[in-house]
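You will see two complexes here that share subunit A, one where it goes with subunit B and one where it goes with subunit C.
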Partner chain A sequence: MADLFVNGIILGSIITLGAIGVTLIADILNFFNFAHGDMLSFGAYLALFFVGAMPSWGNFPGLSFGPQMILAIVFSMVIMSGFALFFDKVLFKPLRERGSSELFLALSSLGVAFILRSIIRLVWGPQAQYYGGLQMANRYPLGITIKPDEFFIVGTALFLVITVYLFLKRTKIGKAMRAASDNETLARVTGINTESVVNWTWIIAVSLTAASGILYGIQVQIRPIMGWNILIPIFVAVVVAGVGDVWGAMVGAMIIGVAQEMLTGVLQNLFNALNLDVLMTAYKPAIAFVLMVIVLLFRPQGIFGTGE
Partner chain B sequence: MLSYFISYLIMASTYGIAALALNLQWGFTGLMNFGIGAFYFVGAYTSALLTTSASPDYVGGFGLPFIVGLLGAVVLSGLLAYVLAFPALRLRGGFFAISMLAISETIRLIVKNEKWLTNGVWGIRGIPQPLRNLVGADLSEWIYLGIAAALLFIFYRLSEVGVRSPWGRMLNAVREDEKMAEMSGKDSWNVKMQSFVFGSMIMGVSGALYAHYIGFISPSSFTPLMSTFIVWLMILLGGTGSNKGVILGAFVVWGVWIGSEFLIGVLPSGITSKAGFVRMLLMGILLDAILLIRPQGLFGREKVISKLGSKE
Partner chain C sequence: MSLLNVNNLSAGYGEVDVLHGISLDIDEGELVATIGPNGAGKSTLLRSISGVIKPDEGRLELGGTDITGSEPEDTIRMGMSYVPQDENIFPSLTVRENLEMGAFTLEGDFQDRIDEICTIFPQLRERMGQKAGTMSGGQQQMVAVGRGLLIKPKLLLLDEPTAGLQPSLVKMMLSKVEEINDRGVTVLLVAQTIDALRLANRAYLLSAGEMVLSGETEELLDTDRVQDLYFGG
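Up next is the complex of A and B:
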């Protein structure tokens, strides 16, 4: 049970990075980005390319990769930010300026999702790939097993969340972003450059998502469909917490991650005890969805949402 | 060549039916259904299980006639929509879209993993085409085309009558301004529920038609691309809110999809293996291009709903 909890925290860290991006875009750009999952996969594949292109400097002690992974993460974040700004310029910005509804923007992001996924399959093929070798898990008390890489995953996620939090709290553009999310008209009236707010929203959201994809790739494997599969837990984390809050997204993601892992285990034991032949691991993504329904039935605005 | 053309017409009609259904939900009521695949699965599998001959691998089949399969598809899709509506329809806009997407993925997981019910990844083979054993394969294709075209026409007429009736004006009112509709004493929940359930029933028919035409269904029959996304593309290209338009959209998009297969034959063999992804890329670009360049589609929404109103 403790092991499942730990697994949930690791999954939750990966979901967190995606969820912060979705929540920022939903809050400031006012639409749900259905391309987020495929942006996540694309980030993972870019890192795969960079790791392969760079000379090997050996691995970090205990980890399955070395310094080239850090560089690959940074490169991938930068290039994905460029992609996002490109899509904003040619697609989302014209739609926004025309006053398109949030549903139109969401629909166009679905188009972007398919564009990115087909490019991934064209360039890298449909098969599963790995950054490095497989890793053995270490045993800890209470039956907990953790791979050394997983410390890196949680650590990196935490580092990025704190960085983004400080960015939003301390820098001028971060404050402008929060102002725009609270009241866009007021922000514009007081002379905040909404254009650069939009750009920075994309840069932060997509950088985090690229990192999320790479961490997910380290944890499991890299597949073209990985982002689409984790998109539902990411959305659910945002919806459960309520749109707009970085910490909320993180808490929502942790709830989803832990609930997915632990409920899978608990329900499997229950079904086994009842002699029902159900394979719960196959239904992990569905658990996130059922949780969302339950939360929304009682709190349509999300756990932390104010329901404005 | 002719058989190719018949096949095109059958599939385009099948998709046309789904496009009409989505047009009812999104075009007239504003419900952003990103989970068409859910109703495709339920419609196709219900009809397949009801009509195939008995198999030890899954529930049934029951060997019932085609028409029973079709009715079963309608009933079960409608029932699923009715049950799902209680949580999903409470959600607005993008939230509804997300939950529909999650629902269709959940249904796909069930179809894939509950082998006793659906034969899992092996799918269901030998789904009968009506009268095929009696009249042979060639004539049977023509008959099937007749059935698909007739259903398309029936649903077209029903949609036209529906949206031009007081009920249709209620759908429009709820889409344009839900609060206003409620203030005028319309029960917006019921209106949305009806539109959602009717639309989903029709999607179920489309799924069943697909199953009986192809003869084989599996969890990979209805990917998000080939169920949800392509139907969205059809109604956007044809013109959201126009029943004629979305049928035209279905025929054009399916034509482009089939036509690109011919192109692939011409390409060098190295690219051929990746051709499916090029088509997917084109579909994505096409969708965004339509949204950018001609968001109203080829036909655009008909402003005047009532024939009487246009005489002034």
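Up next is the complex of A and C:
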């Protein structure tokens, strides 16, 4: 059980980075970005390209990768931010200016998702790929097993969450983003440049999701469908927490990560004991959805949402 | 020379015309009220002057400079602040952050301005770190007006700053408006009550988007239209 909990925290860290992006876009740009998952995959593949293109400087002690991975993460985050700004300029901004509804913005983002996934299949093929070699897990008390890479995953996620939090809390543009999310009309009245708020929202949201994809790739493997699959728990984390709150997104993601891992494990043991031939891992997204329905029945505005 | 000159202004929302050929003048240091029944276009007038909505026709000048069609960020740089009637704070931001947003377009830390705002609204001093959304209606209104004062405006556009307040707070807020004007800020006030109107040197009466009457407050108070507006008829 303790091991499943730890697995849930690791998965939760990866979901957190995606969920913060989704919640910021939903809050400030007013639509659920269906391209978020495939942006996550694309970020992972870009890192794969950079890791391959760079000379090897050896691995960090204990980890399955070296300094080139840090550079690959940074490059991938920067390039994905550029992609996001590009898609905003050619697609989302014209739609906003024509007063498109949230539904059409979301559907357009679905189009972006398919475009990105097609490019991935075209360039990298459909087969699973890996950044580096396999890694043995270390054993800890209570039957917990953790791979050294997984400390890196959780640490990097935490570092990025704190960085974003400080950005939103301390910088002028961060405060303006929170102001615009509170009250867009008043933000305009006070002279806040809404265009730069939109740009920074994309930069933060999509660079985080690129990092999330790379960490997910380190943890499991890199596949064209990886982002689309994790998009469901990301959306559920945002809905469960209530749109618009960075810490909320993190708590929502942790709840979803831990619940998915633990419930999957518990139910699998149960079915095994009953000699039923059911593979629970296939139903992980269903667990996320059931959890979402339960939360929304009792708190339609989400756990942290104010209902505004 | 007048600080604000509005000449033959027409404005509205999309296909809906609200204001029809409004003209008015405000001199430096004045406290001028606009009055009128609900739906007369008072709020639309302030929104058009501040640049939140663009005029369909007419000309706006601030200190002799043409500001017709300017964005709010430009008019703020030129020293004009606008405080809307409602939804005029950022609820999840602290009081200090709300005040800072008043000078988003300008550089600097504005601590001296925040200090001066706290001398006008002492209750805000202890609450700088509190989220504005958790405050009472009266305190939120102080935050909103304080935000408008941050740039040390030449002209402050105040849309019914007493709306929704209980009577004791209405009196307090009106005395603050008077104090702000005494400190040298020219004020254009949407006046909902007769007490608010009495603060003003002059007033303009709007009805159905047209300017129907203007003049010294004392003279206007004697007219039937103003009597009807405030005392029914």
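The rule we apply is simple: the second predicted complex is superposed on the first by the 305 of 308 C-alpha atoms of A that agree within 3 Å, B and C clash if a C-alpha of one lies under 4 Å from a C-alpha of the other, contacts with A are read in each partner's own complex, and residues count from 1 in each chain.
Convention: contacts are C-beta pairs under 8 Å (C-beta built on N, C-alpha and C of every residue); 3 or more make two chains touch, one makes a residue touch a chain.
All figures in this text were calculated on a predicted structure; none of them were measured in a lab.
Trainee: With the two complexes overlaid on their shared chain, look at subunit A and say whether subunit B and subunit C clash or fit.
Mentor: Fit.
Trainee: So, A:Ser100: does it touch subunit B (first), subunit C (second), both, or neither?
Mentor: first
Trainee: One more residue to check, A:Ile15. First (subunit B), second (subunit C), both or neither?
Mentor: It touches nothing on subunit B or subunit C.
Trainee: Counting only touches as set out at the top, which of subunit B and subunit C does A:Leu48 meet: first, second, both, neither?
Mentor: Neither subunit B nor subunit C is touched by A:Leu48.
Trainee: In the three-chain superposition, say which chain, subunit B or subunit C, touches more residues of subunit A.
Mentor: Higher number of touched subunit A residues: B.
Trainee: May I ask you to decide whether A:Asn183 touches subunit B, subunit C, both, or neither, giving the answer as first, second, both or neither?
Mentor: The answer is second: A:Asn183 touches subunit C but not subunit B.
Trainee: Quick check for you: in the superposed arrangement, does A:Val236 touch first (subunit B), second (subunit C), both or neither?
Mentor: Touch partner of A:Val236: subunit B, not subunit C.
Trainee: Which partner does A:Leu208 contact after superposing on A: first (subunit B), second (subunit C), both, neither?
Mentor: Neither: A:Leu208 stays clear of subunit B and subunit C.
Trainee: Is A:Ala259 touching anything from subunit B or subunit C once the two structures are fitted on A? First, second, both or neither.
Mentor: A:Ala259: touches no partner chain.
Trainee: Would you check which partner chain A:Lys172 touches, where first means subunit B only, second means subunit C only, and both and neither mean what they say?
Mentor: A:Lys172 contacts subunit C only, not subunit B.
Trainee: Taking the superposition as given, does A:Ile192 touch the first partner, subunit B, the second, subunit C, both, or neither?
Mentor: second
Trainee: Enter the shortest inter-chain Cα distance between subunit B and subunit C once the structures share a common frame, rounded to whole Å.
Mentor: Once the two complexes are overlaid, subunit B and subunit C approach no closer than 19 Å between C-alpha atoms.
Trainee: How about subunit A: which of its residues touch subunit C in the complex?
Mentor: 172, 175-176, 178-179, 181-183, 185-193
Trainee: Going by the contact rule at the top, pick out the subunit B residues touching subunit A in the complex.
Mentor: Touching subunit A from subunit B are residues 30, 32, 34, 87, 90-91, 93-95, 97-99, 101-103, 105-106, 109, 112-113, 116, 224-225, 229, 232, 236, 274, 277-278, 280-281, 283-285, 287-288, 291-292, 295.
Trainee: Would you pull the subunit C residues touching subunit A in the complex into a rising list?
Mentor: Residue list for subunit C touching subunit A: 50, 52, 71-73, 76-77, 82, 84, 87-93, 97, 100-102, 104-105, 147.
Trainee: In their shared complex, at which residues does subunit A touch subunit B?
Mentor: So the residues of subunit A touching subunit B come out as 26, 31-32, 34, 91, 94-95, 98, 100-104, 106-108, 110-115, 117-119, 121-122, 228, 232, 235-236, 239, 277, 279, 282-283, 285-286, 288-289, 292-293, 296-297, 300.
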